[in-house]
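First chain A sits with chain B, and in the next complex the same chain sits with chain C.
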Partner chain A sequence: MQGIIRTIRDGSGFDILLLSLALIYLVTFSAFPIIYNIIMSLQTVDMFTIASFNRPFVGLQNYYDILSQPIASAVFWNTVKFVVLSIVFQLSIGFGLALFFQQDFPGASYLRGLFLAGWIMPALVVGAIWKWLLAGDFGVINYILMSSGVTEDRIFWLSNPDVALYAVIIANVWLGIPFNMLLLSVGLASIPRDVYEAAELDGAGAFERFRSITLPLMRAQLGAVISLGVIFTLQQFDLIAALTQGGPADSSNVAQYWSWQLSFQTYEISLGSAVSVLMILFVIVVAAVYVRSTRHEHSY
Partner chain B sequence: MRRIVKWMAGAVALFSAATAQAEPVTLEIWTIDRPDQYIYLLKDEFEQAHPDIKLNLKTVQFRDMVNDLARATATGEGPDVTYIDNPEVALFASRGLLLDLTPMIENSKIVKKEDIFPGPLASVTWDGKIYGLPRGANTIALYYNADMFKAKGLDPDKPPRTWDELYDAAKKLNDPAKNVYGLAFSAVATEEGTFQFLPWLQMTGGDYNKVDTEGGAKVLEFWGKLLDEKLASPDTLIRGQYDSFATFNAGNAAMAISGPWELPRMSKDAKFDYRATLLPVPYDGAPRASALGEGDNVILANSKHPKEAFILLEWLHSKMPEVWNRFGFLPASKVQIDNPQAPKIYAVFEESMKYARNRGPHPEWPKISKAIYTAIQSSLTHQSDPKTALAAAQKQIDAVLSK
Partner chain C sequence: MLQIEIDSLNKHYAGFHALKNINIAIEKGSFVALVGPSGCGKSTLLRTLAGLEKTSSGDIRIAGTSVIGKPPRERDVAMVFQSYALYPHMDVEHNMNYSMRLKRRPKPEIAERTRVAAETLGLGGLLDRLPKALSGGQRQRVAMGRAIVRNPKVFLFDEPLSNLDAALRVHMRSEIRKLHERLGATSVYVTHDQVEAMTMADHIVVMRLGVVEQQGSPLDLYDKPANKFVAGFIGSPAMNFIPVVTGPDGHTLAIEQDQAQHLILDRKLVPRSRLWAGLRPEHLSFTEVKDGLALDAVVESVESTGSMTFVTAAVASQQLVVAHSGRPEVEKGAAIRLHISPENVHLFDRETELAVFT
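Moving on to the complex of A and B:
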């Protein structure tokens, strides 16, 4: 007994204690739900059997059902567009703003702080506001576009199947910019000033300095922001629920929303689980790419 | 050990049964009502009439009700009495989660099965047994702005009776310069879209189990024409009935299809002479149809107080003569309504109820409904033509029905 207490106080027992606390946390709150989800994706589950483990196993039938549904390929491509376009614009605008606020001008840091206002608002609220802005008949955006002569007719942002997905992407880009800007600002601040001064003395122009100093030194931050962005974008549910509910005619439906629809609109919970398992696999791939790309960061 | 536990549980059950006479019983009630609606307004009246029964109300959002209820029944923490939307009764009844009320109704002095209208009765019936009592009913009709009719030279005493007349009226009333659409309705990708579509289909001889018809394609062509010519807002595809109808109240649509639940809001918001008429039919003399909505009061099978719960259901049923004036429901059974509010609109809905048909019943109704609103959406967005869209829906519906 004495021995156990001593090893916990100042021996290897302390390490094991810390490790097991972390492990217990991970197993209860991360591993268990994921494994439970995987099990459900291999069974036939509806709402009434959700509390019991005793459900028929059907193997990969759910995955086959999902992939053979007519909207599967549309949802896949919508998800790709949603993720890629969201990330490209969030990142480039966020990076641009971060560089802008890196310049020394009065109030720069306060203004940068204000940009976070958009990010701390709940996505459901943001969605409701964007719904008003994008409304077809009486929306503010249509009013501005029409009175400034950009378009003749109203654009039905949320009910035109050719436009709806892009309307959701615009709102999502707006929502994601502050987060990108903040993380990249932190990265920019950590690059030593004297590196730039030395380059300037050597005659490097602004673009050259950005290409050969800023970009390479921001590599780790960019990688982190991109992979976090992919994960956040794949989690974006509230905005879609508030704006289009995946419609019209599934033209703005993406994997995460489809998974919810299957589980809670038609109560095919096992099919919804199968979609989410496929999404987890994709996120694991993204995370692996990120870890690989930043592995040799420590070498410099 | 197990035997002792069993014995103790038995003793507790006996004890509570013996004290039931003295102690008031508390019934757990789930509802979708807000504090100014139906059950909240009736709670005090009921508790005064039955001092030995107390009600504990809990509001659940309409869209969460089925999920919450299913989870609660799976874990045994459900209420005694709850509201269920018409098409979901079969889902719960088919799994034995609802109390079969048939024997209680046979012995009841207050509830008479013959008095309940066939549509609402069908909605609470599964496999020949009755699992709930309708708290009221609703259906849809065509509302119109009589002031706009006059301004455009249409006779407000002769509202459109056929689809052709509806199209002509919408075209005449449509006024983009003033932000006025001819018609507002809902083709949204939810149960509401299916609810609005089915009566049109039924007028042409189809139904939820037979959507792949000439008539069905005609309905979608007609709806498509309204949208393509901007006689109805393109947002019809993404707006539910409540939001659609708001545009009518605001004077941005000259006609609107919706139900009696709009009346309280309309009497406040609509600053014009509004009237209602039966849903137009495909041609003169075609059979009429209308949707049947509203929900039912049901008792869960594992309720510990089925007797008291049925007393509540009986009492709520006895309030049927008051539902129109107080709650904006139509009566679901034969009752005399004296001095109805908005008497002309009431008369329209009362007649419309004769043609109201239940959705289903089927335990997998949400899947059938989804097939139908998916077909509506893909046809109205021109992703497929009406026939192809309905054929795809029929395939999915057949798969559900043949299980």
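Moving on to the complex of A and C:
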């Protein structure tokens, strides 16, 4: 204790001050809510007991209840589809655009800047705009599809249970492309040009250079973008709230939205906590993969 | 037989004339150095040979076939980059045999040729290392190994030694030269270091601002520089230049600032012309030479490297460097006489900077 006081008095305790500020922040805003959430998922929490901490402890009963709900498997598969399809399309389109803007053509950097528009807009606003675009009776997308002869009839994107989830995925892909493009552009820019030139002299064509130089050298960035994409997609709440609210009939409901519904619409707070704890466990696995992938970063 | 022919080659970047009417003929099996200060176009010329840069006009023929418009991989040339440009995710073996794997050569052949190249370069025990686990010199060897496994028509080197420390650089110079002879290859070597060019090349091309100033054998360039730039560029320490004027009969030279100092020439020049006299530091001597010329000078500084002594002396407010092998007994501030034999005096026109012989 005296040691600590001395270092602070001597002015050499500044590092401790900085460290403790960060630590206090993390404990208050990250560690405490997570631990509190885990505790709630093991108790019975409803509107009557929410104010006190002394609540009946029920063990894993909440987890059992949640998994035995009839919509649990639908929500699970919706979440899988939502995450996998969002990532696949965000990544491939984002990577394609990053490669495209890597080419040297006039205005490349301005155009790339324009793509960031999607990133600075709040998801709620994006959701509202996509709701208009996707509207069944007056939406632009239906108009284009029908006038170009792709479909005969209107598609009720947001009210047809068969397509509602895909409508949300399309909007989410659009929202995620700029992030993917930007991170992958940075990765591409860090590959030295002469490595490509050496490969060209060694006899590699464009496709071969992509396969044997670009892809392996982008491994760390791709790993990072995929892991962060999974995490962001599992956080995606505003878009669903703006577009379908999980409906119709839970056809576009995903875990994060369901957790919110349980906690704040039907006030089955302990069940909502249980869902979010399951999601946290999954995200921890993804984060571990992400941390591992950064080890593959190359120095040139 | 000519392996590379460059005919009236021009290269324009947006509004910038980078290579101006380049003509070079390179014999099969020769070692050619492209040398010049930075920005002279030597690297651009090399990259144009490799096909990494497009030409604006003119022709390049490799082994008799024009390669204009052909992509790099159809030119059968290998290049060693200044940065080495190793594939960071591949180990030494895969770095070296990448080209053969792309061509889908049979596995035993790939293994054999990789092994031979690795042995030639002393990389035997390092085949499974990644580039980041190698020293600068080892990376340099891998870059060369990648070139030699291909057995190409032409080797291109883009300042391959500039990232190495001084001792290793001197060592690698002779290694590269030996390798060149063993493989019987045709090599084009870009460097800004004229010592490297002089010691390694059979043929030197001196470039400045996109123009070939002079080309020829190293000693030709040293003995008969075509202009003041080449004279100053080739040779270390650099040639001394002092402004002079010829006398009324064309047989004498006087230092412009001090007309009392006369030199009697071995040739007859146009009377009263204004020239640069170029005197190589190693041709200036403290002792009298036969039929020699003498200049009065004051010693300004003496630097000794042990084997060589470099004396800076002022002649009529012009600084001259004298290179003396050994340790002359001169002191700062001392008045001395510098001697040079007339055939070692190079003369250049003051306006055109071209060499003047008669």
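Methods note: the second predicted complex is superposed on the first by the 267 of 300 C-alpha atoms of A that agree within 3 Å, B and C clash if a C-alpha of one lies under 4 Å from a C-alpha of the other, contacts with A are read in each partner's own complex, and residues count from 1 in each chain.
Note that a residue touches a chain if its C-beta (ideal position, glycine included) is under 8 Å from a C-beta of that chain, and two chains touch if they have at least 3 such contacts.
Everything numeric here is computed off the predicted structure, so don't read it as measured data.
Asks: Sharing chain A, do chain B and chain C clash or fit in the superposition?
Replies: Aligned on chain A, chain B and chain C fit with no clash.
Asks: Touching A:161, do we find chain B (first), chain C (second), both, or neither?
Replies: Touch status of A:161: first partner only.
Asks: Taking CA centres after the superposition, what's the angle at chain A between the directions to chain B and chain C, given in steps of 10 degrees?
Replies: 150
Asks: By the touch definition at the top of the document, which applies to A:207: first (chain B), second (chain C), both, or neither?
Replies: So A:207 meets neither chain B nor chain C here.
Asks: Between chain B and chain C, which makes contact with more of the residues in chain A?
Replies: B
Asks: Is A:264 touching anything from chain B or chain C once the two structures are fitted on A? First, second, both or neither.
Replies: In the superposition, A:264 touches chain B alone.
Asks: Determine, under the contact definition given at the top, whether A:53 touches first (chain B), second (chain C), both, or neither.
Replies: neither
Asks: For A:110, is the partner it touches chain B (first), chain C (second), both, or none of the two (neither)?
Replies: neither
Asks: Is A:135 contacted by the first partner chain B, the second partner chain C, both or neither?
Replies: first
Asks: Touch check for A:70: first (chain B), second (chain C), both, or neither?
Replies: Once the two structures are laid over each other on A, A:70 reaches chain B alone.
Asks: State the minimum pairwise Cα distance, in Å, between chain B and chain C in the overlaid complexes.
Replies: Across the overlay, chain B reaches chain C at a minimum of 52 Å between C-alpha atoms.
Asks: Quick check on the output: what are the common chain A residues between the chain B footprint and the chain C footprint?
Replies: No residue of chain A touches both chain B and chain C.
Asks: Of all residues in chain C, which touch chain A in the complex?
Replies: 50-52, 71-73, 77-79, 81, 83, 85-89, 98-99, 102-103, 132, 146, 150
Asks: Would you mind writing out the residues of chain A in touch with chain B in their complex?
Replies: Touching chain B: residues 47-52, 70, 135-138, 156, 158-161, 244-251, 264-268 of chain A.
Asks: Given the complex with chain A, which residues does chain B contribute to the contact?
Replies: Those in contact with chain A are residues 66-67, 70-71, 73-75, 95, 97, 179, 188-190, 233-238, 247, 252, 366-367, 370, 374, 377-378, 380-381, 383, 392.
Asks: Which of the residues in chain A come into contact with chain C in the complex?
Replies: 192, 194-195, 197-205, 208, 212-213, 216-217, 219, 298-300
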